[in-house]
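Pasting the structures in now, so scroll down.
After this come two complexes, each holding chain A, first together with chain B and then together with chain C.
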Partner chain A sequence: MVDLIFFLVLLLLGYVFGQRAEKRHFRSIIEREKQLRDILVFSERRIPDEDKLDGTLVCGSVVVSVDFFKRFVANLRNLVGGRVSAYESLLERARREAILRMKEEARRTGAKSVWNIRLETSSIYKGAQQSIGAVEVLAYGTAVKPR
Partner chain B sequence: MIVTNIETVPGKAIVKHLGLVSGNTVRSKHAGRDLMAGLKNIFGGELKGYTELLTESRQEAVQRMIDQATAVGANAIVNVRFSTSSVAAGAAELYAYGTAVVVE
Partner chain C sequence: MAEYENPEIPEGINVSPTHPLKDFALLVSGISALIIVAVLALSLLAGQLARHIPFAQERALAASLGRWLPEPPDSAVAKQRQHYLQTLTNRLAGTMALPPEMPITVHYSSSQTVNAMATLGGHIVVFQGLIDTLPSENALAMVLAHEIAHVRHRDPVVAMGRGFAVMLALSSLAGFGDGALQQWLGGVGMLPILSFSRSQEEAADSSALQAVLDLYGHVGDAAAFFEKVAERQSAAYVPTMFNTHPDVDQRIARIREFAARHAKPEQAPATPLRAFLKAA
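And now, the complex of A and B:
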């Protein structure tokens, strides 16, 4: 009985704080995306007119954790299969945040565009027993500015 | 040292290729950070400690790659890629590799 109450409390805490954190994060992402809109990002490798430019590598990364509620929902979803929207929003958040951090670094170097952007996702585990569910997203590319 | 992840260095011609250079580092997290991460696992949100740790380690991997390139006499590294893999529970390997070149 105590276990059940403990579990429900954790679930509630995860739901309340997790949803609030996610909403706040999305608001801040949308806000910063507006500010950084003038920095263009391309996945194209060839840069036009590249002899008039200077390039350097820029990276941005973020580690985002799942909350108790999301994990519970995902476990339930595992039974029947299908879209796990709890994790979709988590990954979307992480990816947009990583790209934003990369853009911020590009702005610090004075660049106007970033080329050949690559995204890499990896999960972080502590171990099977007391596993920590977290995902790291790294975004990197070549920022160029006129010389 | 100029580092890019495209095949060329913008605005400079590549004179000589010197082959693959790489740098790696294996890091684990200390118990305090793991404790915080465990808590965060209930509430969700960014794990700032881990973000910092991985960023630092990645910079170290890049630095080792640059050191190796300097040792072979290169002045730029092109086509840089990163990869992350977890070796054992609690430890991650960060690896950076690219082609060392001489530009004019």
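And now, the complex of A and C:
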């Protein structure tokens, strides 16, 4: 009984704080994306050689932890299958945040565009039972500015 | 790079629009319904299998559970009461065609609980609180015969099998209650889970009525205990024994109907209870 109450409290805490953090994070992501919209991002590997250009490696990485509520819902989802919508929003946040951090670095170097952008995703604590799962997303590319 | 532009992308294209709580509620209700159905099926199956456990094995299991039955009587009057209950039980059991390897052991408890119960290994516990509510030996015989019938129908071992299956299923599913399983095997948690189904109670009632009829030649006072219970229930008091039992009014009606069918012109009077049985 005590275990159950403890579990429900954890679930409630996970839900309340997880949702609050997620909402706040999305607001901040949308805000900063507007500020960094002038930096163009391409997955194209070849940089068009119209001018003399300088390229530097820029990267941005983010680690987001899964809250207790999301983990529980995702574990239930594992039993029956289907879209794990609890994790979808988490990964969406992580990807966009990583690209934003990369763009911020590009802005600091004075670049106007980033080429050959790649995204890497890895899970931290993979396979470790009873530990809080977290996901890392790394975005990197070549920031280009006229010489 | 003037030919490139960065259009604003609509929000939410990579995320399912389900509300997390709706997702949660659907998953929890669906999966718990599935678990309940599976556990129910498992417990019914285990009950069917448990019925085939030899009675000698059931006795050995009951003996290995340690001190879970009432202490043997210490005072002279308690010994006298226990002896009397055992004698009455043996007389009833004689009419009920019990298999030879199925002895019934009665335990007397001086507790004021208004209850009697049949548990594993042919052990029956009778509480003083029950004896105090009964008007005659016939009424006591009805209750005893009811418990003997449970043993003869193998109801305690079936209930144990079901309880064991449920406990095992739940603890292996969720990983919770490993301690509870140990406790259960230790027998501490045994008594509360030995509850019988409605149909088991009805079958025990009809066997008991037949036994009382065979022993006394009539079933007068057989409904007495249930009438007492009905009175008390109207006073908002429900003895623990009746939590799972069929509706008391239905039982009284069934017993009266049986009595009417077997009524004789010259009805023998009910045998009074011995004086030493009632608490001073």
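General remarks:
FYI, the second predicted complex is superposed on the first by the 141 of 147 C-alpha atoms of A that agree within 3 Å, B and C clash if a C-alpha of one lies under 4 Å from a C-alpha of the other, contacts with A are read in each partner's own complex, and residues count from 1 in each chain.
Just so it is clear, a residue touches a chain if its C-beta (ideal position, glycine included) is under 8 Å from a C-beta of that chain, and two chains touch if they have at least 3 such contacts.
Since the model is a prediction, treat every value here as computed from it, not as a measurement.
Aligning the two structures on chain A places chain B and chain C next to each other without any clash. Once the two complexes are laid over each other on the shared chain, residue contacts for A:E136 go to chain B alone; chain C is not touched.
In the superposition on chain A, contact of A:R37 is made with chain C only, not with chain B.
In the superposed model, A:E92 makes contact with chain C only, not with chain B.
After overlaying the two complexes on the shared chain, residue contacts for A:K112 are found with chain C alone; chain B is out of touch. Using C-alpha centres, the superposed arrangement gives chain A a vertex angle toward chain B and chain C of 120 degrees, stated as a multiple of 10. In the superposed pair of complexes, A:L8 makes contact with neither chain B nor chain C. Number of chain A residues touched is higher for B, counting chain B against chain C.
After overlaying the two complexes on the shared chain, residue contacts for A:L76 are found with chain C alone; chain B is out of touch.
The superposed arrangement places chain B and chain C with a least CA-CA distance of 14 Å. The interface of chain A with chain B overlaps its interface with chain C at residues 69-70. Residues of chain A touching chain C in their complex: 3, 15, 19, 30, 37-38, 40-41, 48, 69-70, 72-73, 76-77, 79-80, 83, 85-86, 88-89, 92, 112-113.
Contact residues on chain A toward chain B in their complex (touch as defined above): 10, 13-14, 17-18, 21-22, 25, 45-47, 50-57, 59, 61-71, 97, 115-116, 118, 120, 122-128, 130, 132-134, 136, 138, 140-142, 144, 147. Per the touch definition, chain B reaches chain A in the complex via residues 2-11, 29, 34, 37-38, 40-47, 50-51, 54-55, 58, 80-86, 89-90, 92. Against chain A, in their complex, chain C makes its touches with residues 1, 4, 6, 8, 11, 14-16, 18, 20-21, 23-24, 27-28, 30-31, 176.
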